[in-house]
Amino acid sequence: MSTAAPIAAPPYKLVRHDEAEAGLLEVSMGPHHPSTHGVFRMDVKLDGETVVRLKPVFGYLHRNHEKLAEGMSYLSSMPFTDRLDYFNSMANNWAYALAAEKLVDVPVPERAQYLRVIMAELTRLVNHTSLVGFFLNDLGALGTPLLYAFRERERILDLFEQASGARMMCNYFRFGGLRCDVPAGWLDRTRALVGGFPKFLDEFEKLLCENEIILARTQHVGVLSGAQAINAGITGPMLRASGVNYDLRKVDAYGIYDRFSFRVPLGAAGDCYDRFMIRMLEMRESLKILEQALRDIPEGPVMGNAPRVFKPAAAEVYGRVESPKGELGFYLIADGTTKPYRYRVRPPSLINLTVLEDLCVGHSIADAVVILGSIDIVLGEVDR
Amino acid sequence: MSNLTLEHYLILSAVLLGIGLLGVFTRRNVIVVLFSIEILFNAANLNFIAFWRFGDQPEALMGPIFALFAIAVAAAEVAVGLALVIAVYRHFKTVDLEKLDTLKEE
Amino acid sequence: MKLLGSGIFKGMAVTLENFVRSYFDRDRKHHLFTKEYAWKSDAPADQLPARADTTVTTRSRNFPMLLHDGKGSEDPMASIRCVACQICERECPPQCIFIEKEYDANGKFVKRPVIFDIDISVCMSCQICVEVCPFDAIVMNSEFELSNNDRFNGLLVRRDALLKSNDYYHRIHPEEAQERDDRMAREKAEKEAKQAAADAAKKKAAELAAEKAAELAAAKPKVDPAAPTATPQ
Amino acid sequence: MIEQVAFYILSAVAVLGALLAVSRRNLVHGVFALLLFFAALSGLFVMLLADYVAAVQVLVYIGAVGILLLFTIMLTEHVTGDDLRRLGVRGWFWGLLLAVAVPAVLILPAVLNEKSAKAAPIVVAQGNPALANNATQANTVKALGKVLMEKYVVPLEVLALLLTAALIGAVAVAHAPEKDASGKDTPA
Amino acid sequence: MIDTLIHILALTAPVAMIFASLFAFTTWLERKILARIQNRIGPNYINIPFTKFRKTFGLLQPAADGFKMLVKEDIVPHGADRFLHLLAPILALVPAMMVLCLLPFDLPFANESMKRIHAAALDNAVLLFFGITSINTLAVFMAGWASRNKYSLLGGMRAVAQMVSYEIPLVLSAAVVIMAVGSLSAQKIVAAQSTHWFIFTPWGLAAFFIFFIASLAETNRSPFDLPEAESEIIAGYFTEYSGFKFALFFLGEYLSIFAINGLAVTLFFGGGNGPWVQAHPWLSCVWFLAKIFGLIFIIIWLRGTVPRLRVDQLMAFAWKFLMPLSILNLFVAAVALKVQQPWLTWPLCALVLYAAAHGLSRLQQKNVGPRTYQYAE
């Protein structure tokens, strides 16, 4: 059951029909299943309702993202990064821009830096609110928390549309800055939103955090120890819920994150409730960052002197950001042409998903759904 | 209430008894044997009620009381019987009466 | 430790509050955020202010369109900005643009597309074509009602359907259009200035050359006329 | 008239249900047939003016015993409920003979001595009019409760004890040993 | 014989028709209330056929849904048990209709002597009610088993386990009222509450809470909607049902909600009793329905608020919380009925029940509770 077991296992599988297996019920959850967050399949073996084995099967949404990107110019893959994790296109944009900016030394103007932080943190709010909603949906709350979350998400998406022209597929970041400045009055509207957001969080906490059913359903379910999380390469809120203090905004301090004061909430138990609460608490910290960024943002250009044709010299870079789901990295090898020689994404969703079986075995099938929900995957990013 | 007599019920009850016996004697599955025993119980209950209904002391309510007790005992019997079936199945991996010929698996 | 169920009652208070307040949320901003569909019959497509129900803003993008500078009922092809350079076709991430150049009777390229198709089922509204276009010929439309009944021809939007006037562009995206027009005017002015400067330089150079030639001709009659005409780019 | 029609329908359903229950290979079908039999019997109880017993019959047999049987089938046989074994045992002939003989012996006197049946002291062919009046007017439930709590209170308590013992016994017998459960969780 | 049949039909058909038409209204109501709870608008545009008029507040939605259900293809999975697959929705609907007739629902027309008419005024109505509703369990199992689908089977098994477990607290809490009245007849229970509803007694209140929670589980409503838990087992036992069979299930489910809430109204809210009923007997059915809809609003409200429990928690809740509490409530009620001193029984009963509920809830929530979190700078 431990993470070391697959290494020792032989490359082939012995089919055994022993008596312990005979009474098991094999259920294929997905790819068309209401709770798999997209086209994802869990081959579950059940003893009664207890999960004995679970095999995640994915790839139904594979779009050849990496190979496609190697066949087109650097800029052209920017809109495709939106579609990786379609809840946080801004964070994906940033990670890719960060990697590309390492290839060609382009200074990012001050205002663009601030706007990037604002966009990334708004994205985090979007992601975490909707995650909590979907998580509760998996728990069986008939969409009410989800729709409250979407109510707030709509407001943020309105802001995104006003700034970038699109609600979800923003395609807003460029190498060396942003595609365009935010429209007049946008910052004030954002300030109003940020000012009103804690009220919504209070409402949400009142609705969810003390609900006995949620407590009973999520506490001590799907416990992930810190050591196991580190071994499996888990990042993001899921890692922090297991008590490991690792936040790229603090570790790398990319962009201008070193200018803001914020805290990193840490869980202790590493169960589903911690994963859910860490996200609730992170939203409050994001609001702090947003307040500071909106207070300090200067006037000025938003685009540096990027070359019109992006043609970096041969190099190898890795750019990463703390996307709401974890460490999102882009690894690029440039060979001196306008196209990358190698383009590789480190998707947090996929790597966080690797511990799914370890978390689920021994719990009931209802818990498996909840655990999957608490991992927070987006199939666009898992399958790419 | 014209011409339904006690015989009607008694014959029906006898037929049901026969069916129950048939199940008990000829089926090999423990669960079906339990079904049959339930049929036997019910045939008896029908008799209790019928005799009470056509008897000369309906105020004493002997029939319903007896039937109620029989139902309660039958329920207990089914619960214990089925628990035994499960225990047997867990041990021998079968509920076939013919294969359950040892007290303890070798 | 509280009584079992107190957390649920708290949650029920929240939902009841939302239930009641949704009936008093006249401006549909706080407790009734649903935007109802802006029915097509209610307002013409290009009258954005009339469609206030939508979230369409002056930056919204949905599908590209080709710009022309014609007014009213002029032939749009006369003033189409696109020169069929095919940069957008090359750069389009999902490869949904197809362009064919127009040639006149003599087989000379007339700098216009004869075919300009965009496959609406492939386009992902990313705006890369707009950004790479050096001629400001393709911009994004914010029209959202693009569904139709024809699976094959209906999903392939042809050149004539893509052509929209600059006035329309000004109506749907005023700031962006103004900015673009200003920049074009500026660039044009710069270009003209440059051209003028270049012309002047050329003239000057020609004069100088002529002078030199005259001087040289006095000394040496043979001359290479191409050499001194190099102009600054 | 209506009573007779009802009686024949109900007894046909009961016999059919019982026959299906003992003869179907598919155990789940068998249970449903058995439940049909229980329901028909409950209808017969109503006809005999024992409505309380009829309600108890529905509640206990259909609501509880049927469910228990279904659960057992799900737990022991394959979930399809198919009983793939040979239907009979070696002594099926003797079993059949016995099953026919016993009711025949029971029925025979009634058929043979049809004329003398009316003379039998217990059998009252026309039903008891006193009961018919009583049952429709007075509250049999109340009377039944009174009798149960006064005359039969000791048997009732014994019955309660029996049910408790059966409950505990069933749980004790059916409860899986801990070893099994933990052994299943860690295969290899 | 024909007369008898007509008589039976004349008494039962109105009940079935009234509740079946209320079913359509209730689906609309549920969607509207849920939508408003979730800050949505809910169904509001249904075209009246052949016209351009579409702002009907969605009231035609049930009709449109029903029509859609009727014309939909009826799909029976390959390998399913066709007969039982067909029988299950019927078996789900019929008991629900039957128990509706047992309710002391005064038909809205009075006979010559201005007496209230009931479809079936039986001596042991409450007992029969529980008996017949237990058939519903079988329908659910039948549907789950006959579909030959693993999700259906899981849903069916869940439903059976759940309904059987929750029947015990349901019956035990109803037994309190039966004990107080001394009759199983619904009419007598209502008559006993003509002045004082049982909900206004401490044991009645506690019994109502238990009854209400157990009735949620009996009818598979949130938070006990595990048999049809969408996020886990798709639609549970009716995963493989479509078209009209699905509609029958749906109808049966709502009718059993009416039935069980009707019983709750009968047992605790005085049935059709209410102001002005003495003067206008026809008001009694209005009161009855109004009380049912009050309870249905609470059910919908709950559905819009809470997530669902897990199977083991569900079982534990029934056996370790509701059942001891309902047994204790039985004792409390017995004492209270014997003492007959409201000033003494009220605080005493309330205290005992509260303490019991508190203690049991402590048992339920071991190592579970809100947490505090640390922050890293």
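Order of writing sets the labels: A, B, C, D and E. Residues in every chain begin at 1.
Methods note: contacts are C-beta pairs under 8 Å (C-beta built on N, C-alpha and C of every residue); 3 or more make two chains touch, one makes a residue touch a chain.
The model shown is predicted, which means the values in this text are computed figures rather than measured ones.
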Groups of chains joined by contact, in the absence of chain D: A, C, E | B
Third chains touching both chain C and chain A: E
Partner chains shared by chain B and chain C (touch criterion as defined above): none
Identity of the most central chain, Cα criterion: E
Pair joined by more contacting C-beta pairs (B-D or D-E): B-D
Chain at maximum distance from chain C, centres defined as averaged CA atoms: B
Inter-centroid spacing, chain E versus chain D (mean Cα positions, whole Å): 29
Separation of chain A from chain D, taking each centre as the mean of its C-alpha atoms, in whole Å: 60
Centroid distance [mean C-alpha coordinates] between chain E and chain A, Å: 42
Whole-Å gap separating chain C and chain D, where each centre is the average of the chain's CA atoms: 81
Touching two or more other chains - residues of chain D: 1, 52, 56-57, 64, 71, 79, 140
Shared interface positions of chain B, touching two or more other chains: none
Multi-chain contact sites of chain A, meaning residues that touch two or more partners: 25, 144, 148, 151, 207, 210-215
Touch list for chain C against partner chain A, complex: 4-8, 10-11, 13-15, 18, 33, 55, 57-61, 91-93, 124-128, 131-132, 140, 175
In the complex, chain C residues that touch chain E: 1, 3-5, 8, 11-12, 14-16, 18-19, 22-23, 31-34, 36
Complex contact set, residues of chain D against chain B: 1, 3-4, 7, 11, 14-15, 18-19, 21-22, 27, 30-31, 34, 37-38, 41, 44-45, 47-50, 52-53, 56-57, 60-61, 64-65, 68-69, 71-73, 75-77, 83, 85-92, 94-96, 98-100, 102-104, 106-107, 110, 117, 122-128, 130-132, 134-135, 140, 143-144, 147-148, 152, 155, 159, 162-163, 165-167, 169-171, 173-174, 176, 180
For the chain E and chain A complex, residues of the former touching the latter: 34, 37-40, 150-151, 154, 222-223, 225-226, 229-234, 303-313, 364-365, 367-371, 373-377
Chain D-touching residues of chain B, taken from the complex the two chains share: 1-12, 14-29, 31-32, 34-36, 38-39, 42, 45-46, 49-56, 58-61, 63-65, 67-69, 71-80, 82-87, 89-90, 95-98
